[in-house]
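Chain nomenclature is as follows: A, B, C and D, assigned in order of appearance, with residue numbering initiated at 1 for each chain independently.
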């Protein structure tokens, strides 16, 4: 951390900065320039020290962090790439893992038909939502535990792993043993009680990026799960909020590269929520595979026109089949496989 | 809701739009232009109908909502301004209510001293946090229930009402009877389980705007609380995330006017979290009072340099005293009082 | 355009809306609901009518545009895809056209060496800047006319077409005959004098998206050039400003799909300015080709460490060679070629 | 500037950083920690050195600027507040200067009537646009030189100073002697040819903040004008682009405080363009005065319903008169005057 003093700062004000640094077990180096004093605060834990602790001291002009504030998720903490395993499946390996299915689980028939189709096309994990966080209290809120029960039946019938979202810690009781991969949604990325509960469960989980979170905050949220003892964290980019309105969110495709550089965790992309419209989903899916995503989370519905939620961004069976052909070709072109 | 068909849409495609509208109990008027057909969908509940239900139909070019998607919070639902009462205090009346105190409750001594000072300066509600949602798992997380216990003692000693944040539904057990005003923080604005629990509690509450939420989403979140039977909702603008980094968040001062126009709920402003730095807090506080805010939520600490959280944005006792003089003058100039 | 009247609007207020619509040569259809009146304003030119003309009338609650405000750039105006030709090269056809070279032209030697290398790797247009718009007046501002002279020599020696930016209308005198493709930079997307001048020149041009422009505003800027009689417009996505700081700008990869859907113009992507760092450029370039971009604009420098501008985002010769191999494979996978 | 080396950086890589710093006439101090080396680069000109010059060197992990990149506009360069004088008027002094008038000059009658009214209410500068930058080529583009001629007549008749926008350097010929205060609009904040021309003219000018510019970029743009020898620069906050759509732009009220802290230049606020709707203008105007703005730029029109541009955000004569009463009271409450 670098503390720049104001021009004309007194010696006792510099001393106060040094004293605070030492009280936090940090080393200090002073740079006395002609105009100003700059204090370098060094040590392995400076990334976790709040810059405000120095910024609040008298005659401090600015404080700049040079170590990133996330720790367990960082490449510096762990150099080898993490892979998450679900049975035989490996997320973060050579294969690009396709997770597909309806936004909401509506019935056994709907989920089973979708599962058979997406598996036949090459998807290896079935998605389906039971607990739906909705912007309006007057919207369909999902089937809840009944939806999880449906998912569990289809999982047993087809032997396909399931990913589903939970929104409250106590959902774990109903979900943990009937679902293979837990999803923490964008709105809950900073729901710390939920992060801790999923951390303690040790279950494989997807952590979606908050819709206005920086990459740094996203990785700090991952630190909550990792620090509770759960190494099985998969990051998911799903679009961020910007001023542009032609898509529901702006897919931050660069974040795939940033996350690959700065962390050891696998990262997948959700083109459906970013696009908000089925016509735009294939473009984003193709871009995500080319960018190096370790997987995709795609909404597919047997009858989008009559879906109870997110029909507009759901692919039909035939559109999904076509897209999978394209994705396989792109994966092959960059030395991966679907 | 207005559905614009694509140029060349077939009659059966227009009929499908009409049929869906009727199935949702709406009236329909067709506008057949030379180039395209436009379908107006009318009825008192169209604000709560998801536009996607029409956008997903074949040959639909666009769907535009003309009624706002929030309902119970709207001026159309209730024309008279809502006031929230806490004992003798009225929020949403002529007085601009100042709520001040430390970010985190650290000790009985700290809270009591602050309470005495801010009350002497004209604040009428004491703020103090016990459950702190923090971006990093390695930061101070608040005193929890012990902090609430401290707040409860100070409340009894001084007879000053207390506002404090809760972050999980089960906190209500510990907090509901020991605090006068519940705060739902920005990170939890779309934590629907929490919104419902606070709604069912019927307790006066502050709903902070999510840090990347639109005004519309904020009012939909208010609808969650209102629809659970709790009319005592106070909105709080606290800055939104933008590209600008000279302040922690960008205070959306216009939202005070927008909210006053579009809803019947009182609205207050938190200049401390928006600014992120004590030097900028007075400017934002003055602007908020002049803009017509019904109250302010200000962080004050006896010793900001040694505060356990948010010291940088906390005012000292003397800075707070000066600010209150300025705010009283501005309130007077616009026909209000502090 | 749809005008929603306030509940309780009087007949004369509705009449004023109708009268204004008729004065603008539009058709009108009234929808009289139980609560409110909605006026649909129809006609082929409603996209170019400012919504404020209605919003300003008494008792108008809202005005919603259903036709897009851009016209000549729209798919509705021209259904077939536009291609731009530069000699034998076609932009907007099957080939993905790679334009590569240094940010700034620094010397004949530098530009010639770069041109030979990028051409050997498969690039077909040489980029090089002479007039550099820089954020600070104290930064290197480019070689100006001397730089254009260097470009012109290299163009003659190698027979490779050149793209270069102009920032003022009078630059056309020096540039028009010595450069094959004019570039209008992001900061000048709404410099209307420049747009008109380039429009009147009829020369092929690249219109970069403004760093905080919506897709709609970008296409309205294209309308300025098109309406001056120049059909040779190539759009270029180069990243937009958001709150995220891990990259210089956030590449809006979705805009490629949106632009392909809504306009007939070719669209290319500049991964260098979006990324701001050479390590991230290849990821964005791969994503752009997979997304369907018609070309790329990439910064390459023989010695990025000593470049006079944008060294950090410039690829070395060897990194560019590797990237081109990857891009050729991806282009092949989606049925295109480089 | 602080250069952090990657863990494990070699000595020759550190040496390269030191050598580059020395080549730029900077002092260097090395901080050799247990994990990494940090190089502090010191000297009075480091604010104007591009960080990329170091970031591009091998084994550099990050580069952090601690001096701001703007120079002539900074408080460090000049400690005393700058005031801009127009005849007897002082901008940046005790008085809050109100500049009011129509968006576009439409006729002599319109401008004269408005001038008389706003002056009677307390405004001391008349605004009126002749060269209008419009998003669409199909919109009204202003009266051009004829509009300036009208402004010049009204100025002579009433003796009121005029502010008007110019969009191209050659406009100066027609405008410089007929207008008292030049305005550089938000879209042209980084039109460097225009900035230089206004700088060389030495005329008092308003520099509006770009609609997606940071405060830092705004002050760098001011440096362009100042470095051309023109000290008479007035900054103008007019709202920035964010994701929120309930107002046309989001007024960044905090920027008034930031600019007051970081520069010596006067700052005014344009509530009309930020709000985009006349109903919201008074709230923003009140907030701006309370925040400490040195002036306001407000659109007023004798007949907003029939204005040729921006009617929706223009105040009527009677609304403006009421607002001025409120503003005078607020100015008085904070020790200023209107």
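Some observations on this one:
We take it that a residue touches a chain if its C-beta (ideal position, glycine included) is under 8 Å from a C-beta of that chain, and two chains touch if they have at least 3 such contacts.
Just so we're clear, the structure is a prediction, and the values are computed from it rather than from any experiment.
Of the two interfaces, C-D and A-C, the higher number of touching C-beta pairs belongs to A-C.
Taking each chain's centre as the mean of its C-alpha atoms, the one that lies farthest from the centre of subunit A is D.
Averaging Cα coordinates per chain places subunit A and subunit D 39 Å apart.
With each centre defined as the average position of its C-alpha atoms, the distance from subunit C to subunit D rounds to 26 Å. With centres defined as mean CA coordinates, subunit C is found 31 Å away from subunit A.
Residue positions of subunit D with contacts to 2 or more other chains are 212, 241-243, 245.
For subunit D in complex with subunit B, the residues that touch the partner chain are 212, 214-216, 240, 242-247, 250-258, 261, 274-275, 279-280, 283-284, 286-292, 326, 329-330, 332-334. On subunit B, the positions that touch subunit A within their shared complex are 48, 50, 52-53, 55-58, 69-71, 133-139, 167-168, 187-188, 190-193, 211-212, 217, 220, 223-224, 227, 241, 277, 304-305, 307, 310-312.
Of all the residues in subunit D, the ones that touch subunit A in their complex are 2, 4, 7, 27, 29, 31, 33-35, 38, 40, 42-44, 61-62, 64, 66, 76, 241-243, 245.
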